[in-house]
Amino acid sequence: MRYLTIRELRTAAENMPFNKLIGVRVKRRHADGVTIECVMRDELRNTAGVLHGGVAATLADAAVGIALASHFGGRRACTTTDLKINYLSAVAQGKLIARSHLLRIGKKLCVGRVDLTDGQGKLIAVAIVTYMLL
Amino acid sequence: MRYLTIRELRTAAENMPFNKLIGVRVKRRHADGVTIECVMRDELRNTAGVLHGGVAATLADAAVGIALASHFGGRRACTTTDLKINYLSAVAQGKLIARSHLLRIGKKLCVGRVDLTDGQGKLIAVAIVTYMLL
Amino acid sequence: MRYLTIRELRTAAENMPFNKLIGVRVKRRHADGVTIECVMRDELRNTAGVLHGGVAATLADAAVGIALASHFGGRRACTTTDLKINYLSAVAQGKLIARSHLLRIGKKLCVGRVDLTDGQGKLIAVAIVTYMLL
Amino acid sequence: MRYLTIRELRTAAENMPFNKLIGVRVKRRHADGVTIECVMRDELRNTAGVLHGGVAATLADAAVGIALASHFGGRRACTTTDLKINYLSAVAQGKLIARSHLLRIGKKLCVGRVDLTDGQGKLIAVAIVTYMLL
């Protein structure tokens, strides 16, 4: 079995249309997950001028999906079945960084936890995401 | 107390930067919530070519936020504290419609349920979203 | 295929050890789910003297599990994979009633929503529960 | 401000009626949370003969509640507002151990993550629980 190089993983993830619209960047690959990020820009704000909750949810979803692509070498199709995110603090500027940890890789279901931090390392949200292997 | 007209509500919601990027449209106001939608386009797709889970999460978040803006006449600032969404089916084309039902309007916390359907009325996701009044 | 009678369903559900400890009773079978309940007693209280959140979570879990037992005639083993509950109001006495609605019955995953009310019909919690068929 | 001794914390937590019914034991206090556990017994089983999901949900809820009692010295009343738990593996016997980590202690809302393991240290569930300070 051949694994994806970090460059291949990055290309696959960053060219997914919605990830591209948001501006998702793959930063690192870890033993149990990945670190991805996006940079705040005006299009990602809500009425209060801070990062829209949907952007953080998108990053949480992507951080687990990309970790699974890395784990399976991109050879297993999968789809999100549930996502839960708790918002702890608002992000007004800078980066939003999502670090996923795969907690369970089953025959049908895979579960990951995602810690989302700002550029200063402050925890701003935490998520649990489930994917079903197809 | 003056309520927002549907036109004012629509203008406020649709001009929020991230809602605009996604293409959120406010369709109807109900006694207990709102109906909003977005139309599928290539930028909203994931690797599998279907609607990215982050778009559905964004619509769920927005459907409760806009319902609260309608309920409070836009005079109460609030922020999402938790969002949970279960994906039931994929959306390949057409519309994604989100109908929110406010279940609790408390002094601090407000909770809404959101049923997400495609253009044929098929239930494709269900969400529960909590907002904290600031 | 033979369906369970309501008596068979009741016997199976109410004799499950933990359901028995809590005092779960099966009240009605609906086209899309079931109604179950338990009666408040001192053992089910928390420090504040109201119903412990774990009891409501247990009822939510059971309401979907029993609905699936009813749907499949008790012939499909299944296990809870995720449960999310939002507490809207405290219950100090009387009944806790859980009405499940099966939203999706898939080949692998089944999802149900549960509305939990007190004896006066007040919504006190809402849950979404996923089961995996084994 | 006087903190609770571990003995006081244990007494308060273990005498809460529902915790007592389940058999919750407080094992350790950490800088950011607590470790609690319960021992499997027949009354806690479901139809499949393994630990009922409601027991794990109860432990998750309790692990965050007891961590907050420890943090605030038992002087702040609080109530669970949402709980989400993902079940990763079944527990057939032995202990269920819940280790909470307080992620956010706000003026209104407190959020904790709970890792649930069996007696061999295998991760069997993960939860996120929110409490509102009253």
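Lettered A, B, C and D in written order, each chain numbered from 1.
Rule of thumb we're sticking to: a contact is a pair of C-beta atoms (placed from the backbone, for glycine too) under 8 Å apart; a residue touches a chain by one contact, two chains touch by 3 or more.
Being a predicted model, the structure only gives us computed values, none of them experimental.
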For chain C, which other chain has the most distant CA centre? A
More contacting C-beta pairs: A-D or A-C? A-D
Over half shared numbers or under half: where do the identical copies chain A and chain B land at their interface, same or different? same
When the C-alpha atoms of chain A and chain D are each averaged to a single point, how far apart are the two points in Å? 28
Centre-to-centre distance between chain B and chain A (centres being mean Cα positions), rounded to whole Å: 21
Could you please state the distance in Å, as a whole number, between where the Cα atoms of chain A are centred and where those of chain C are centred? 33
In chain D, what residues contact two or more other chains? 81-82, 84, 86, 130
Quick check: in the complex, which residue numbers of chain D touch chain C? 12, 16-22, 42-48, 52-55, 57-59, 61-62, 65, 77, 79-87, 90
Chain A-touching residues of chain D, taken from the complex the two chains share: 84, 86, 88-89, 103-104, 111, 113, 123, 126, 128, 130
How about chain D: which of its residues touch chain B in the complex? 81-82, 84, 108-109, 130, 132
